[in-house]
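Input: structures, listed below.
Heads up, the next two complexes both have chain A, just with different partners, chain B and then chain C.
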Partner chain A sequence: MLFFSYFKELVGKEVTVELKNDLAIRGTLHSVDQYLNIKLENTRVVDQDKYPHMLSVRNCFIRGSVVRYVLLPQDGVDIDILHDATRREARGG
Partner chain B sequence: MVLGLYPFVDIAADGAPRLNAAAGEELVRVERATAVALGPRTPEPAGTLFITTRRVIWLSEVEKGKGYAVDFLAVSLHAVSRDPEAYPSPCIYTQIETEDGSDEESDESDSEANREIDLAKVTEMRIIPSNPCQLDGLFEAFSHCAELNPDPNAESDEENGWAHGNEGDEDMTDGSDAECEFSDVNPIGQTDAHDITHAVVELQINDQRFEDAEEAEHDTRGNGH
Partner chain C sequence: MSWAGPDEILLSTSLAGFLDKKLIVLLRDGRKLLGTLCSFDQFANVVLQGACERVIVGELYCDVPLGLYVIRGENVVLIGELDREKDELPSHMTCVSEAEIRTAEKAEKEARDLKGTMRKRMEFLDFD
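Let's look at the complex of A and B:
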């Protein structure tokens, strides 16, 4: 729940999603749902030599279960809010 | 769940696939004159695409009785591909999760020569409608159905729908997450632990109820005699 809430804050920001198959896609976070399915827009593949066929893709839907990491923009992280939310979560809501 | 592509042969007399109605499978969209290309192979002659609430089914129109299917649970990614330099025809590009992810279709040329495709190893599939105007609609149908098929062990939540930002009072400091009574903040990949704990708690509650009921039953029976 924490991650869903957190990712919602990042809608419209530039993120890099790394999949469990090593494919990393950079793009604007269009939307995210409670299963952490992610829709990206204006995407581009980070390692274009390895995945040339993904070049043409402008928007994509990624299943939450295949996401390994989401790399966040530095300015998209509000440390204070994140601290507060993690403490709250740790206390049990 | 079944990972990877598999052959689909359960076709009714009218040419439509027989769906798993018992599991609530329903047809969401039918797209005729749609070709499909598996991995790097050339597209197969057009057939009909059936998007259901559970899977994607493609049936050949040329070779009757031939078809492929993939569960939405195994569709890792889908996207609209329009750049002719990347692929000659505009298409829906999908990546498919296979049972053995490390196997990268190394014996590609062999299998093509034999016309014997190992469907379970296909990691990419392109869906090529004859009318490219259908792409956005297909993409939406794919997205919709992917959302209907969360992982069986994914963290469930009452809160539904997509977040598109600008949801004023929905910021992460609100107290709506009170249902989470665990002391750890779960990393993304470990939300399963959540559900297991939940399940255990529920199980214990049920057990107690069950015991009570049984005792009561014993008592009545005892009194009756």
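Let's look at the complex of A and C:
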């Protein structure tokens, strides 16, 4: 559940989600669930000309299984806290 | 079984906030379905009422009516809410009939295949 908890910390931040079909969407992280499904608000597609059908989409739900990357804000992660949490998770606690 | 209250719906990743809204559903094969969300579950299986497929070829598009659709969750890539205030497509795009869009699709496929075979034949030149 580490990554679920981690993504929950990022709610409200601006992220870019790149999907396995190369579609990249930038938006404010609204919520995330245990499957790492993602809901974004105020979305805009990075390459808008290539995806005209996404023009009027402002809120969207992305299925966790189709996500390739999530690009985080520069200050999106405190490495020390993440290290500790990773060790704790690895120990099974 | 308990039902989520309005606040929980708004804050969760659940699709409940999209019920009765006009949505665009992108599928794994690249198809784009439009329709009103009737139902969903935790796998993102969804039921769309008044579904249609939006076929886009270059600057042309066509909404092909389909009816009531149940989409298996594994095929879903993205579900987007269509903002009624905004234009669904750029203004330079033209709506055409289903027959016209099929012709355009075929022409595009042929052009793509031709490009493929030309490239194959020229492979010995080793470009890139």
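In this section, the second predicted complex is superposed on the first by the 93 of 93 C-alpha atoms of A that agree within 3 Å, B and C clash if a C-alpha of one lies under 4 Å from a C-alpha of the other, contacts with A are read in each partner's own complex, and residues count from 1 in each chain.
As a working rule, contacts are C-beta pairs under 8 Å (C-beta built on N, C-alpha and C of every residue); 3 or more make two chains touch, one makes a residue touch a chain.
What you are looking at is a predicted structure, and each value in this text was computed from that prediction instead of being measured.
Superposition of the two complexes onto chain A shows a clash between chain B and chain C. When the two complexes are overlaid on their common chain A, residue A:Arg58 makes contact with chain B and with chain C alike. By the document's definition of touching, both partners, chain B and chain C, reach A:Leu19.
With both structures placed on the common chain, the touch criterion links A:Val32 to chain B and to chain C.
Within the superposed three-chain model, A:Phe4 lies in touch with chain B and out of touch with chain C [touch as defined at top].
Touch counts on chain A: comparing chain C and chain B, the chain ahead is B. By the touch criterion defined above, A:Val66 lies against chain B and chain C together after alignment on the C-alpha atoms of chain A. Within chain A, the residues touched by chain B in the first complex and by chain C in the second are 19, 21, 23, 30-33, 35, 37, 39, 43, 52-63, 65-66.
By the touch rule above, chain C contacts chain A in their complex via residues 11-15, 18, 24, 26, 28, 30, 32, 42, 44, 54, 56, 73-74, 76-83, 86-90, 93.
Here chain B touches chain A in the complex through residues 75-87, 93, 95, 97, 101, 123-124, 139, 142-143, 146-147, 150-151, 154-157, 159-165, 167, 170-173, 175, 177-186, 188-189, going by the rule given at the top.
On the side of chain A, the complex with chain C involves touching residues 19, 21, 23, 25, 30-33, 35, 37-39, 43, 52-63, 65-66. On the chain A side of its complex with chain B, the touching residues are 1-9, 11-12, 19-21, 23, 30-37, 39, 43, 52-70, 81-82, 84-86, 88-90, 92-93.
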